[in-house]
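First the structure, which I've put down as structure tokens, then a few questions once you've had a look.
Naming follows writing order (A, B, C, D, E and F), and every chain is counted from residue 1.
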């Protein structure tokens, strides 16, 4: 696995564990829980929901959230052609301020795809 | 047509015309143009793209943008069950700050559905 | 009760009920639930937590969220002197973009206080 | 004067006075003060600074702040051709989410210009 | 002192000095000044005000601002149990988009606490 | 050229090329195109427009966008006295949340100026 992917996953996992191990964190725990449930298959497929999560993360310009949803989209076999259209909506709605995040998203998306080869 | 829908559409149309009729507005015109093209059928369906536009508008908390995409989603036959899941993603990702916009979105969505009866 | 307060409460209540009565709204319901629990007495008092909720709503510039937390702060006997210091932090951190929301917050805060006389 | 302009100015003035008359508002007062000083003639002209204030208000999507800076730009004789280019930058950088605010800005700008005839 | 804390403090101090030493920076200087005054003891304690500053920084997702207020909260003896409730409000109000910032906040908070041992 | 400037430019260029080389990226391409056109000489000079782009990037707190517009402002001979007034507007309108971005902007601005000596 590429180091950028590995490092990101490791840090996220480590700190999530620390947050979940903390005392007095009931609300945080429930939000994490809800985060998992929200993207499950329902009236909309997980695939579409992860796209919704991704585009939201892009217009809110949260790089780590973007990476997370890119991973999920990759697992759920979103194609690169579809991905470019998600990037398009995000850049149109959110403006050129989204471009630097799109550059990093593109890099991470390519890394995820190179993994698989 | 319900007055809330009619008034919103009339104001939007009137002011869009004024913006497009203005001198020296080449960039604005091209953004409007691009706005139309971005949501056309492609690797993703217009239906999914309108959902992406809606969820983006919700987390960025723009009521008029939300209304616009609700209209489009309604035309493209997004169901109320699907809509509730879009609302769910928006409120999870964007937080409780999205709730007041969800109340207004719910009202507008119900008006759009009552129209059709 | 002043009409501005009454109307705001009535609309909020009506639309919350409609959201909670909708099918397929499990996530929304749980977020509403969590919203109630988060502000309960704990390591921090409800009073301080409502102040935290208020200042967050101010810097995120959500008028309805501001009104809601102003009501809660009023119930929990936050004083006007304390309120001005919350406004101060919000305007300092969030910038002059928060001023119009502070004007409306001030108006609502005064209405809440006039009620009681 | 058009009612939309008059009402906006009256409310702003009334509530600013109430904020400035409040006890324990030293920070708010100093922010208001600083707000006046920042736009004064300096290395940059007031005219350019008001444009900077306007475009910032547009990308942050604060309608009342936009109106305020539109008034100032009008007083400082910003032309409609220049205004359209400010709108262009705001919509490009901030995305289509800025369009509804641009519609309202356009309306207010036209009202300000009609005043003068 | 841990390197992450030391480096952050050193960079902040160095660049603040450069900003304050610059010509024509009167407004910046006054904002820095106001920043100090706003958090002083008043109707609300510095302790509560720093919590307000922290939660504002979290929902606005500014990592450096978060670190700064974490340091202040630590100095003012905010407990870890209280901190988890501030994190809870921030994540509830601001949504899951706040989670990556909470992970980094948690890491920095733990570093600050390890210092003291 | 200083490494910070060189690295930033190289990464930006590399990833922009990858985005423009991707299939199915028509919208992205047109946004990039529009981005170039918007800042061209018009009713407002490129110089003023780049200032508008910079202040927008600062209040929206996008470090890479800030760097890009700092480079353009430097090329168009914006002075350091003018720059401090742009920083002032950004920090006033956007609040203290903009300070960490101003520190980094100041550092990059100084690097750009040291280049030239």
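By definition in this document, contacts are C-beta pairs under 8 Å (C-beta built on N, C-alpha and C of every residue); 3 or more make two chains touch, one makes a residue touch a chain.
Here the structure is a predicted model, which is why all the values come from computation and not from measurement.
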Most widely separated chain from subunit A, with each centre as the mean of CA atoms: D
From subunit F, the most remote chain by mean C-alpha position: C
Winner on C-beta contact pairs when A-C is weighed against D-F: D-F
Pair in A-D, B-D or A-B that repeats C-D, with over half of contact pairs matching by residue number: B-D
Euclidean distance of C-alpha centroids - subunit B vs subunit C, Å: 27
Distance between chain centroids, defined by C-alpha means - subunit C, subunit F (Å): 37
Sites on subunit D at which at least two other chains make contact: 24, 26-27, 31, 34-35, 38, 42-43, 56-57, 59-60, 65, 81, 84-85, 88, 91-94, 96-97
Contact graph of the chains (line, ring, star, complete, other): complete
In the complex, subunit D residues that touch subunit E: 24, 26-27, 30-31, 34, 37-38, 42-43
Subunit D residues within the subunit A interface of the complex: 59, 91-98
Footprint of subunit E on subunit C - complex, ascending: 34-35, 38-39, 42-44, 48-49, 51-53, 55-57, 59-60, 65, 79, 81-82, 84-86, 88-90, 92-94
Touching residues (chain side subunit D, partner subunit C) in the complex: 11-12, 15-16, 18-19, 22-28, 31-32, 35, 56-57, 60, 62-65
Sites on subunit D touched by subunit B in the complex: 61, 80-81, 84-85, 87-88, 91-92, 96-97, 99-100, 102-104, 106-107, 110
